[in-house]
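Lettered A, B, C and D in written order, each chain numbered from 1.
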Amino acid sequence: METKTLKTEELILNMGPQHPSTHGVLRLELELEGELIVNVKPHIGYLHRCFEKHAEAMTYPQVVPYTDRMDYLASMSNNLGYAIAVERLMGIKVPERVEYIRVIMAELQRIASHLVALGTYGVDIGAFTPFLYCFRDREKILSLFEMTCGARLLYNYIWVGGLSHDIHPDFVRLTKEFVEYFRPKIVELNELLSFNKIFIERTANIGILPLDTAINYGVTGPMLRASGLKWDLRKNDPYSIYDRFDFDIPVGEGEKGTVGDSWDRYFVRVQEMEQSLRIVEQAIDQIPEGNVHEAVPKRVKPPKGSIYSRVENPKGELGFFIISDGSVNPFRMKVRGPSFVNLSVLNEISKGHLVADLIAILGSTDIVLGEVDR
Amino acid sequence: MMKPEEIFELLKQKFDDKIIGFENELPVDSYIVVNPLAIKEVSKFLRDNEQLKFDSLMCLSGVDDANEKKTKDEEGNEVIEKGTLSVYYHLHSIELGHKVNLKVSVSVDNPNVESVESIWRTADWHEREAYDMFGIVFLNHPDLRRILMPEDWEAGHPLRKDYKNPEFYNGMRVPY
Amino acid sequence: MKKYLKNTWDGIWTVLIGMKVTFKHLFVPAVTIQYPDVKLPLPERARNRLYVNIDDCIGCLQCERACPVDCIHIDTVKGLPTDDLGTTSNGKKKALWVTKFEIDIAKCCYCSLCVYPCPTECIYMTDVYEFSEYKRQDLIYNFSTLTPNEVEQKKINYEKFMAEKAAAKAKAAAEKAAAAKAKPPVDPNKNNQKSE
Amino acid sequence: MYDILTNIFGNQIVAYIIGAALPLFVWILPFVLFAVLGERKVSAHMQDRLGPMRVGYHGILQTVADLLKLLQKEDIVTPAADRKLFNLAPYIVFLGSYAAFAAIPFSSIYIGSGIEVGIFYILAVSSFVVVGILMGGWASDNKYSLLGAMRSAAQIVSYEIPTAIVVLTLVMLTGTLNLNTISQQQTAYFWNWNILGGAAGSGITQILLIPFMVIAFVILFISTLAEVNRTPFDIPEAESELVAGFHTEYSGMKFAMFFLSEYANMFAVSAIVVTLFFGGYQSPFGYLGNSLGIPWLIPVEQLFWFLAKGVFFVFVQMWLRWTLPRLRVDQLMTVCWKYLIPYAVFNLLIVGIISLL
């Protein structure tokens, strides 16, 4: 037989939109050579809900419930990012009490979001049990939120200029209890998953994201920190009252493999949970008295102008670009979702790995499709 | 740390007429307006210059300025001055910690902007999104496809202010 | 070789540690509950199904305007001065018949933005969270207590009233005009502006 | 045993069906029902959940309900599938695991077939499963199924080697392939079990053998675990990568057959481990029947001990499954070729030397 009739071709494998480990409705078009990945083409947009178009038809307070639904695992942080953006645009100064409560909520939300990230990462790798432990602890945080604002997932809690409710009288006590309860659980998670040999083998040296690539791709959040850069907007571009708290920025150290591999991305999140606990602990003791509705404007009508405001979401830098034409509706609202940007690096870091590694890499980027597609 | 005004001066010296102006009447952010076909050169300079080092593109957003003007000329005919689409670039230097914003404006009829994908890879998806939502064409972009909307969406670019929802998409009713 | 043995050891040892953790959990009481049989108490601020106390509603449309998803639809007809519409529980006098108060609960996003602006606190979120229906139509809740006939009647009444009023006004205007003939004319623009 | 049955039924084949096939099937089916529920309960309690609670007391009839549901399901064959192979595959897989039961001694008086090459037969016949899996994966005409099936074939074939080497170690010590004989050698008390060096008799050799027998046991346990495609070696059906691997396209009763064979296999390999290392059906503390002087009680006790030990190892398999992440396909091969096989060969050598002493 002539050699030219012997044709080998790459296997095209469609992963998703309905696939057990695509973290939502994401479709990955894989070009495989055997089980080796030649190319990954993410197709997104299955969860596109026209947030930006909607926002143009809403008044500023009405946009808040919509921001909840972007990164639905970190609604509080989205609310916070949006509220801060509009406040900066309008020049509102919120009361101290509000700032403290916001920080506590945002940090608890960070823990909750990371718990989902870590738990589902376990499932991606094949360990099912840590997932349920993580969800068990996340439920406790959600209960705290529910007690405060009545909703477990989509809070509409942090408003422009204030909060929808003051905290519940029991909130401080229960939060302290939670912090006490949660510290040993991190140790347990580490024992069960983080330092498990199989888990390390699966994640160390997989999907290495070098620092310069990470910056060039605009990757932010735990992914960027795992690549070795001490970069956290809470410290580097402080918003709210984060400059008052004492906490560290965990970075990837390549402890089990190379700096910027999947294990580092995973472990940075574990360490961030501890740091968030520290912030919550410091903040919960200092909440001053005050009225949370004091600075809420009767009519949110920012002056003509625009702003790009960013906050550190659990998944990375959440930016709101708002153009106001001086009316009660935003003229243009663009959201720079961290997941959207972090996902775009997937092809770069998964080339040459196996299909099974792709799952590990995708899990370690921790995307939420609600935010990718908006 | 450099202020946007200083950066504007620097760019003005370097690129002269490719830098169109500096918008600063806005309350929070200010913009350096750049010629859409020179944005790539300017970006490269901004990234590589030792004083500037803008290594990170935080956000790239398309905007429909909705500034279409209808005027009547002397003979009473309606003259339509087409609106513009703008692209906003928010840059940030991780090393030096300063920020600057760029803006380019193009006519709706001929919305061609030079792609900055080769400068900051993050612009890849952002530009695709701007193309998808506004129809801004990024020249020399390697893979300019729709990203959020279906690839066979024929009703135009949804975030334009004059966008109308289609009645049907592939035989399915769109409004519910 | 050393690494080889260490790998083997790590593999076995970490597996054993993991097994220890899961084994301990065999004896930890479950955190889940048998849901429809056992239900957790909801906190007092729980935000679930919307409810409208229609007796207190004054038809001010504030909630309709606040809703980001437009799931509330309210129609009102002005009451006649002769009608007794009653007062709300906080003493406000009602002036409008609420002929239609529909909430499409399937659209509702439970943001509770409609709750805050209500002047009489008649719209609020309850702790009922099980209300699935077989037909989508059943998810449109109608809170208005008026029957369609009554609504028709109210509308006719109001129109009649307006017509009478208009007739009376026209009559009055005609009389006025007749009376005004002697007087110098008033600037018509002023009138126009007022009517706007 | 079969002589009596042959006399009654006048036909050897019928006698074997009644004597071996039927009782085994009668055991496998309830065991699978129990094991599936057990798996769900074990996983639930390990994860602080309740697990199935609706059907019967604490969900005891849940699997029966599931089975009824599976029976009622539409039998879907995708149009592009190779119909014949697709339909045949689940039964071949089940056949493989079912046939393995024939040579397992449940009690001193009950063994499906007391053939002399017992363990050899089991190793041979259980690789039948690969054929079924490959068939199913290929015939489904689904890329996920194909990848799963190929992984599975590679995995099962590779892991036969460490299994065989460990079995060889034991055969070298015991001098027989007959599982019934191996069980009988470990009689009376637990210090006679092979895991405690029982095969070498008594004295210094026995003490010396213990660590190496433990190593042999661990290797055998790991490799049999891999042969039944359980976590951490469940990559053929790794749900986060390959949806459901080779049985992605299967539904209804055919899917149930795969399930049935998986759980049957779990017990089969536990039985091998038990027979080779943990005294088979022998009681660890002597027999009640002996001390009470009731001879017929002894086989019943033996059956109890055998099933108890088998079920314990099935539990350990479940325990591992709900603790560990999954290995990657190349790591799986690494574990086999670079770790298990060298250790097993080394172990074989040492055990050989010790037994010569």
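Quick notes
Note that in this section contacts are C-beta pairs under 8 Å (C-beta built on N, C-alpha and C of every residue); 3 or more make two chains touch, one makes a residue touch a chain.
No experiment lies behind these values; they were computed from the predicted model shown.
The central chain of the assembly on a C-alpha centroid basis is A. With centres computed as the average of Cα coordinates, no chain lies farther from subunit C than D. Centroids built from CA atoms put subunit B at 27 Å from subunit A.
Computed from the mean C-alpha positions, the centre of subunit B lies at a distance of 40 Å from the centre of subunit C.
Distance between chain centres (mean CA atoms), subunit A to subunit D: 44 Å. With centres taken as mean Cα positions, subunit D sits 64 Å from subunit B. Counting only residues that touch two or more partner chains, subunit D has 46-49, 322-324.
Counting partner chains per residue, subunit C has residues 7, 11, 15, 18, 21-22, 25, 31 touching two or more of them. Within subunit A, the positions touching two or more other chains are listed as 129, 136, 192-193, 196, 198. Residues 7-8, 11-12, 15, 18-19, 21-23, 25-26, 28-34 of subunit C are the ones touching subunit D in the complex. Across the complex, subunit C is touched by residues 58, 61-66, 68, 129, 136, 139, 143, 146-151, 154, 156, 164-165, 168, 188, 191-193, 195-198 of subunit A. Residue ranges of subunit D in contact with subunit C, taken from their complex: 42, 44-50, 53, 218, 319-320, 322-324, 339, 343.
Across the complex, subunit A meets subunit D through its residues 11, 13, 19-21, 35, 122-129, 132-133, 136, 192-193, 196, 198-199, 201-202, 354-357, 359.
Residues of subunit C touching subunit A in their complex: 7, 10-11, 13-15, 17-18, 20-22, 25, 31, 42-43, 45-47, 66-68, 109-113, 116, 125.
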